[in-house]
Every structure is written in C-alpha cells, then in structure tokens.
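Every chain is named by a letter (A, B, C and D) in the order it is written, and numbering of its residues begins at 1.
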Amino acid sequence: MSVTFCGLELVHPIVNGSGTFDAIAARQAFGPGFDDVFPFSAYVSKTITAAPRAGNPPPRLFEVPAGLINSIGLPNKGLDGWLASDLPQLATLPVPLITNVMANSAQEILPLVDALDDRPEVAAIELNVSCPNVRTGLDIGSDAGELGRFVSAVRPRTTKPLIVKLTPNAADVPGIARAAEAAGADAVSLLNTLRAFAPAPGGAGAAWLGGETGGMSGPALRAVALAQVRAVAACVAIPIVGMGGVASGRDARAFLDAGATLVAVGTESFRDALAGARIRDELAELSANTGLVFS
Amino acid sequence: MSVTFCGLELVHPIVNGSGTFDAIAARQAFGPGFDDVFPFSAYVSKTITAAPRAGNPPPRLFEVPAGLINSIGLPNKGLDGWLASDLPQLATLPVPLITNVMANSAQEILPLVDALDDRPEVAAIELNVSCPNVRTGLDIGSDAGELGRFVSAVRPRTTKPLIVKLTPNAADVPGIARAAEAAGADAVSLLNTLRAFAPAPGGAGAAWLGGETGGMSGPALRAVALAQVRAVAACVAIPIVGMGGVASGRDARAFLDAGATLVAVGTESFRDALAGARIRDELAELSANTGLVFS
Amino acid sequence: MPVAGTPRTTAPPGRRLLTVGPRAEYGAYIVLSAADLDGPLPQPGQFYMLAAGERWGGGEDERPYLPRAFSVLRVGEHGLEFMLERVGPGTTRLAELAPGDGLWVTGPLGQGFTAPEDERRAVLCGGGVGTAPLALLQDGLRVAERPAPVLLGFRDHAHALGAALIPGSRVATDDGSVGHHGLVTELLADELDDNDHAVVYACGPPAMLEAVRALCAAREVPCQLALEAGMACGFGACFGCVVPAADGSYLRVCVDGPVIGGERLDTCLVAGHAA
Amino acid sequence: MPVAGTPRTTAPPGRRLLTVGPRAEYGAYIVLSAADLDGPLPQPGQFYMLAAGERWGGGEDERPYLPRAFSVLRVGEHGLEFMLERVGPGTTRLAELAPGDGLWVTGPLGQGFTAPEDERRAVLCGGGVGTAPLALLQDGLRVAERPAPVLLGFRDHAHALGAALIPGSRVATDDGSVGHHGLVTELLADELDDNDHAVVYACGPPAMLEAVRALCAAREVPCQLALEAGMACGFGACFGCVVPAADGSYLRVCVDGPVIGGERLDTCLVAGHAA
C-alpha cells in the first residue's frame, strides 16, 4: 500500500483533509497512545493564516442529509503562534507533516511560505485557494488566470512540494488545475467544501450559521468530488489528492480509480476518530482481492 | 397560497422540475383521474430539442446518499414530434404549461422559440442553458457573457415569459443570473443537477452510467441550492424558481425565504407521485402557523 | 387473466401507507404481505414500488433513498404478497420489516402479462426472484382452465426452496442440488421440443431472459418477458429504466413494461442490470 | 471524584461497538444502558458520542448522520447509563434501541467536574436532561462523604419524573405540577441565601446555565457549568462546538469542556443552542 507522493514515501494512501483532524486535541482526548494507531500516512494541518483568527461565531455546524455544513471560519493561532506552539507538537507525530496555508493575496502568502520553507519539520505545503478575492468576492481559486499568477508567485519561494487545494465552486475546475500545474504546483488536492446555506428553524430567511453561509462536506458530495477528480486527472500529469465524502475503502478505491494518488478523509473522521485506519484496511483488502496496485 | 409569476396566476407556488414528471405517463399509470389531484400549479415539460433524441444508453440511474445521479440524456421526440403528439395532451392539463427547450447555439434555439411563441397552449418558455458549448466544452450557462448573448438573441422572438434555467456548475452564479436579467429574462430557475460521477462496482475507474457522467439531484444538494438561490436573489429583481432537493413544506418554505417565488419539486416526486401536493399542503400549514405570506 | 388489449389496472395516485402483515421465509427468500384494502387487484406481471414506512435510509452507504420495484407474487388472505431476496440496502431493509410496520406502496404499476392469443399453451419460465410474477400468472391461468407447466431455475438449494411458492413447478439448479443440474432454459428447450405451439412467459435475470428471447426467436415461439431495470419512480417520470428496443428506440420498463414481447426488444442484456 | 488538576480520563481511540442492555423510562426520559467492558470508568461530567449500530440515518430529513453527545448518567450494574429525551432524529433513533442492539460509542470524552477546592459545600443544580451528569457527580460526592443538595428544574410533570434518577433531589417545575412552581434558579438562590460558602455544579439549557453563571458571579460563588453545544466529533477535530470565552476567544466544549468554570465564559447563551 505504500505510495510515493511528490517525493514523500508514505506507508499508505490515506491522509486527512485539512481542518478535519486536530492531532493535538486527539492526544488530549485519547491519550498520547493515539500516535501508535495514527490513522493517516501524512498529517495535513488545518489552514494557517498570517494573523491569528478566532473563527466564526457559533453555531458553526449544521447537519444535512448524509453531510455537514460548517462555518468554522479558519480559527488558528496565526503563523507565529502556530510555529511556536503547534509545530513542535506536530513535529513529533509518526508521519510527515503537510502544512496548509491561506492568504487573500500573493503578497500576503509569501511570508507564510518563506517561514514554512525554513522548517525541516514541514514536509510539504498545501495552498488553500478557496479564499475570496477582496475585489471580486469570488474565490482566488475560481479563476484560472488569477490562480496561475498566485501559484507562480509562490513557486520560487520554496523547494518543498507545493500542493494547490482547488475550490469546487468554479465552472472549469480542470482548466484551473491545469493553470496550477503550469505555474509549478507539484500536486493538486480537491475538493474543498461546496458553498451551502443552512436556514434557521424560525424561517424568514435567517441563517442558522453564525458565519451566514458555510461549506458542505460528507457523503452527500462524494459523487460531485469524483466527477471533478476524474475531470482533473484527465487534464494534468501531477498527482492528485482526492477527497469528498470518503467513508469506506470502496470510496477510497473509487477516488484512486478516478485518478487520485492519495485520498483524504475529512468528515468521516468526525464519526469515528479511527475511520482513516478502517478505510486504509478496507482498501488494502479490496486491493488484495482485485489484484489492483497503487500507482 | 396563490401567487403571480411573470403574469401567470398560479394557485400555489409548487411546480415540477423539468424532466422529473411525465404528465402523460402519469395518466397512463394512475388513470385520467390523476388530473383531478394534479400536484403542481404549473407543469414544466421536459427539455425539448430541435431534433428527436433517443437519450443515453442505460444504466441511466445511480442512487447516492440522499440523492440520485441521472444520465438520461434528454430523450424527446424533437420539436415537431412534441408539437404533434405531446402538446395536445399537455394542453388539457388543468394547469398552465411551461415548455423547456435547449439548443447548443442561439441559431439553433430560435426556431424552437418561434414555434412555441405561436402556440397559445404554451404559457411560458424555460431555456435550459446547461448545454455544453461545442467549442469550449463548458456549459453555455457557465459564462455570463456567452449567456447574455444567448438570451439577448432569444428575447425579441417571443412575448411569452422567458425563464432561464441556470447551471450550478459555475463560479459566479449570481453574476450569470444578472446577465440573464440584463438580457431580458423574465425569471431565472435554479439549480439544475450538479455534475457527478458514479463508479461501476467492478472498479478500475469505469463509469456505471451509460452516459459516463451524470447530474446529481435530491436532498443531498439542497443546501447548495439554497445558497445559490439566496445569492441570486440578492442580485436580481426578477422572480426565481428555486429547486434542489425539496422534500417537505419546510424545505419549500426555506426556498421561498431565500428569495424564490416558485419552488420546483423534482426527485421527491419519484418517491411519491403526489409529493408535490403534500409539500403544497405542508407549506400552507406552515405558512398558516407562522402568518407568513407569499410575495 | 387479461387478454391482449385489456387496459392495464391503474394505481391509485401517489403512494399509500399499508401495514405489514405476516411474513414467511422460503430459504433465501422472504415473502412479505400487506393488506391493501383500498387498492385494486393487480394483474399478473404488474409491480409495486415499495419503501419502508420508517428508516428508509441509513443502511449501506446511507442508502436506500428511492423506492424499490417488486412484482406482486400473489394476492392472498393477508393481502398483497411480495417475494424478495436481500441483495442490497433496500431489500435488506424491507426484509427486516415486521408485522405491524408501515410499508409505502405505489401500484399496481405497468403492463402485465396477457393471455395466450390463440390455442397456444402457456409455458412459464422463471429464474430466482423472477419466480414472483409467475405465481399470480399461474393462478390466473388455472382459473382460466389453462394449466401450464412452470419451470424454475435457482442458484442452489437455499434458493430452490423458493420453488415451493409455485406448487408443481419443475426446478433446475446451477449446482445440481435440486432437480435438473443446469439452466432452466434447458428445461424450456425440452418443453418446447415436446410441443412448441406455445407462448412462453418468463421472468428472471437478464442473461436468462436473453437466452429465453433468443431461443423463442429461433423457434418462432412468442414470448412475454417480464424485465427488470434500475428504477427511480416506477410511473414513467424519470426515463431511467430503459431497455433498448428492436426499432432502435428505448422502452421504459415501468410504463411500456415490465412485460414486453420478446420481438420488441433488441436485447435483455443491459450493462449494469443485475446479471 | 477528581480534584482539580487530576488528568481527565482519556478514551480508547476510535469508536467501539457496544451492546445495548436494559432500558428504562422515567416519564419523558429514556435511560439507555450499555456494558463497556473494555472502557475506562468515566469521571463525572464526561460524555460519550453515541450512534446506533444500525440505521443511523433515514429519519427526519434523512438524518441523523453524525454521532450525538450524551453525558454519562451513571455507571450501573448494566454498564454505562445515558439519560435521553427525544428532541430530534438522533435522540429518536437512540430511544428506539432495544436490548441486544448495537451502539457505537466514543468516550469518555472531555473535561468533567472537579471536587470543591476548599471546604466549600457542593450545590448541584440541573435542568431537564442536565440532570444526567449530576447523578454521577452526586455518587462521587457521596463516596467522598460530601453529600450535596440537588436541585432540579423541569418543564412539567412528565419531565419531573426524571428527578427519580437522583433520589433526594428537590424539584421545581415551570407549570407547578411538581415541587416548587418556578425556576430551579430560584431554589438555587434560596440555597445560597442559606449558605454561600459553596461551589455550584450546574448542567441544563443555555438560559438556565446563563442564569446560574450570572447569579454565581454576582455572589462570587464559583461555579462549574457543564455546557451543551452542537457537536460533530466530540474530540476536538472539527472546531464546531465553541462557546465564547471571557477573554474574547472561543472554547471548544468537547475538549476545553464540557465542564467550564463560569468565570471563563462570556455567556452561555449561544444562538442556535437549544434554549
């Protein structure tokens, strides 16, 4: 089941989706022994921004049929806080660390990338480009030209593998993936949550979520994710981290078959902290039965 | 519960989604008495094209968590066949008829619009713009400029209300709705199905559906639909037909609260041919309880 | 039983909540009953769309979501009877329903079997759950005083116990554990060798139906095939349940069928329909 | 019971499938039990994430999908006990589980109550299902020979039957059908009027907790509040379960709580948390 991804040797293809697993809190809840059963072959941090963010006011969650809408608002300690207090703890995880970062301009992202490039504990950098452009209100990642410029600015600043996490809220996701590849991305990951709205029970159009709109994840969007991964795989040569509603080894297999090299598990971990390990085992069994191999 | 929509007086706000209810087949299955309990206040035909289409090879359906992927492929008798054999039967329905049409260029759509404009049985025309542009492969409806030109070409050809059914596979759905409005659309409807992929059980990346990719509908996408309706309502003054996973009066209420004037029921009718009537009744009860009125 | 041209029995509009009555097991099969006091009597070969009254969902991969199609097996003292086999989340959920539980039904739906047009004898041929519509058909033929041989094919012993649903049937099993060791279409060929002034009524998996279709076409014996297809609605709304017709068009199994004359079909083998 | 600074009991990693044992009804409440042979003993105030072993889903609006948080009520002869009220699709599904059914659990989770730091007496104050964590707490205090008054508020008679879960408790009801006619916080004020050298342990709906918090702040009585919040994971993964802290940040109820000192909170009133 081992797999090479952007030069990283990973023992299996299952990682976590950014922002869906707090390895530090997991040690608190399950004890330090959690590291011994760590379900992922690499750990993706939640999104880190330059300045600290408190996140959105509650409520932050709304359950939908076979899915979840969240409006967490990317709470994090900011780059300095993360480097000082989280990184040392994450560096002791038994797997490589991929750090996810976001900013709403190339200018603002560069210091983040520079700082991470300096840290040997960081194995790879993931760019979250589902960040609204202040001028247009649309995600930076929803326009191929804009995304290309963004990635081109980042690329020269680090020799670490650079993964671009695409936004699904776009007309032409494969075209955008191509732009990321052309600008020097080593991999793309997708999909991020779909923009969604949860009505407050009282009605009259009020939003349930403190952050007004949110993003939908979970099995409800798996088929949409598979379509996008498949379309992107047909257009780019760089590896793909596929995700969206993965809940079983069969689902993971479908993403690999659609062209992904790694598969990320997000919401399913909320139902079971060891879902990633179960999915890994189911995948191994499926692959053994069908004789399929990992690329 | 009565509502005025583009000059049509409708007895309640619940209609069907195009292609999700065959009123002629319903008479065959339930007898002609079905007209007496007809669940919708207007009937939207399935998409009609200039030439007849057989539709996609089976399988055409794949069930997903709280939803359905279809790859029907718009089978229809073509304009002439529809006018000759379906229209006379649909004209005797107890409710106004909205005819949905599609073509992949303005040139090709005009004869359809001209022919429908001639027919007094047709109360309004819905343009399905989720049709791939032959040149770019993207939906005509996914680009504001292209859609604006398309609608501008159609607008002068008919005095009937013109509804533009937007595609959800776009980065900036509100911007596209604005383009439709500016080009003279009397209303917009959304959302159409989300592009989705169903893997064949055998694996290895093969598609389950005869048409390879399909479109996802049902409760799984309701929250995405609500977000898009809400965003569009904030940008346009023309009325909106909201749809996507409506399964209860509460869901219909949420779409009305988000800014829709009519609510269309699609997949839920597959579970119960009279779902539209139940939803109408639940909506009336909810509205009575909360004192909310229809706009 | 209806002669050709008799209008199909139409369903009351919309779905109706019935109460599950006694259930029985026949090896691998479950027979579920539900009294349908307000519904019409179905014709042989018609079907119903079924869903559990509660908890239709939450099974394998969060399914089922849509209702599932089932041929009516018989109308007995406890009402409608359905024969089902657990093959996925929908049938698994239906199989666990207990007397008193709610059952959503829409039906009877579709075009059923019609009586032999001339003095031809009827020959009934079923495979697996394809046994179901033949039971009501045989009852109808018996009432019409046209008794007919019933040939049934099953995978193995546990499945062959389903043959008890049609007393007097002859059985073939894939593994030879019961009756003829081989395919039910071999029994059918023998039967037609004896006397091919017949109409064949068949229901079963696509591969079996295709064999029946080809065999009957070769011998110029008319056949009425009760088809299966993945369905979303069952009443012509979704255009999802199609099979390729001989004329190059597609037929909707739910409204144009499920019983379709073999001569109208291109093939019964549709990718994705259970083999 | 743990003194402040005692490490929390950690959960075995991942979810585990237990078997439901006997269940009981106390008016509007159900007590569900499940033997957790491999799990550690929970501390008072800790909670578990629960989901039915089968058919978690397919209820109202195709939910539930995520597991649901429940305080441990007690550890009795049949194992872990949970007290629950049907308020939506998750609790409805859990309430219909029968002995022998599967139950997924993750836990014990979170930070529970800690023993009074000095010679202060404990006063326990609960509302509705907020009764649950006080039962185990009272057991712990009794073992520590620090018996404490327990004040419980309920909506009406059917709910007040839940008070039987903590023998010796004093009850207030909104409708006056049982005990004091009014709010449980009125009983709490009386109790503190008597003797405010106390620590208040409270669990209940946000409005009640907020009243307790304000009342204790005004009297400078320390309080430990067991909060509720909509949760997806229960172990700090989703950042969804936050409440606003006094310092302007947000606390995660599942890892920073559910028991949080009143002084650390800005308010217990969070839009969308059950009132």
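In the analysis below, contacts are C-beta pairs under 8 Å (C-beta built on N, C-alpha and C of every residue); 3 or more make two chains touch, one makes a residue touch a chain.
What you are looking at is a predicted structure, and each value in this text was computed from that prediction instead of being measured.
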What is the minimum number of touch steps required to go from subunit B to subunit C?
-> 1
Looking only at C-beta pairs in contact, point me to the busier pair out of A-C and A-D.
-> A-D
Counting in whole Å, what is the centre-to-centre distance of subunit A and subunit D, each centre being its mean C-alpha position?
-> 34
Centroid spacing, where centroids are CA-atom means, of subunit A and subunit C in whole angstrom = 48
Rounded Å distance, subunit C centre to subunit D centre (Cα mean) = 54
Provide the list of subunit D residues touching at least two other chains, using ranges where the numbers run on.
-> 57, 61-62, 65
Multi-chain contacts in subunit B: which residues touch at least two other chains?
-> 62, 64-67, 219
If each chain is a dot and touching chains are joined, what shape do you get: line, ring, star, complete or other?
-> complete
Residues of subunit D that touch subunit A when the two form their complex = 8, 10-15, 51, 57, 61-67, 104, 106, 109-110, 229-244, 248-250, 252, 254-255, 270-273
Subunit B residues touching subunit D in their complex are 66, 219, 247-248
In the complex, subunit B touches subunit C at residues 19-22, 24-26, 28-31, 33-34, 37, 46, 54-55, 57-68, 70, 72, 75, 200, 208, 210, 218, 267, 269-275, 277
Footprint of subunit A on subunit B - complex, ascending = 62, 64-67, 69, 138-139, 142-143, 169-172, 194-199, 203-206, 213, 216, 219-224, 226-228, 230, 245, 253-254, 257-259, 286, 290, 292
Of subunit C, residues touching subunit A in the complex | 61-62
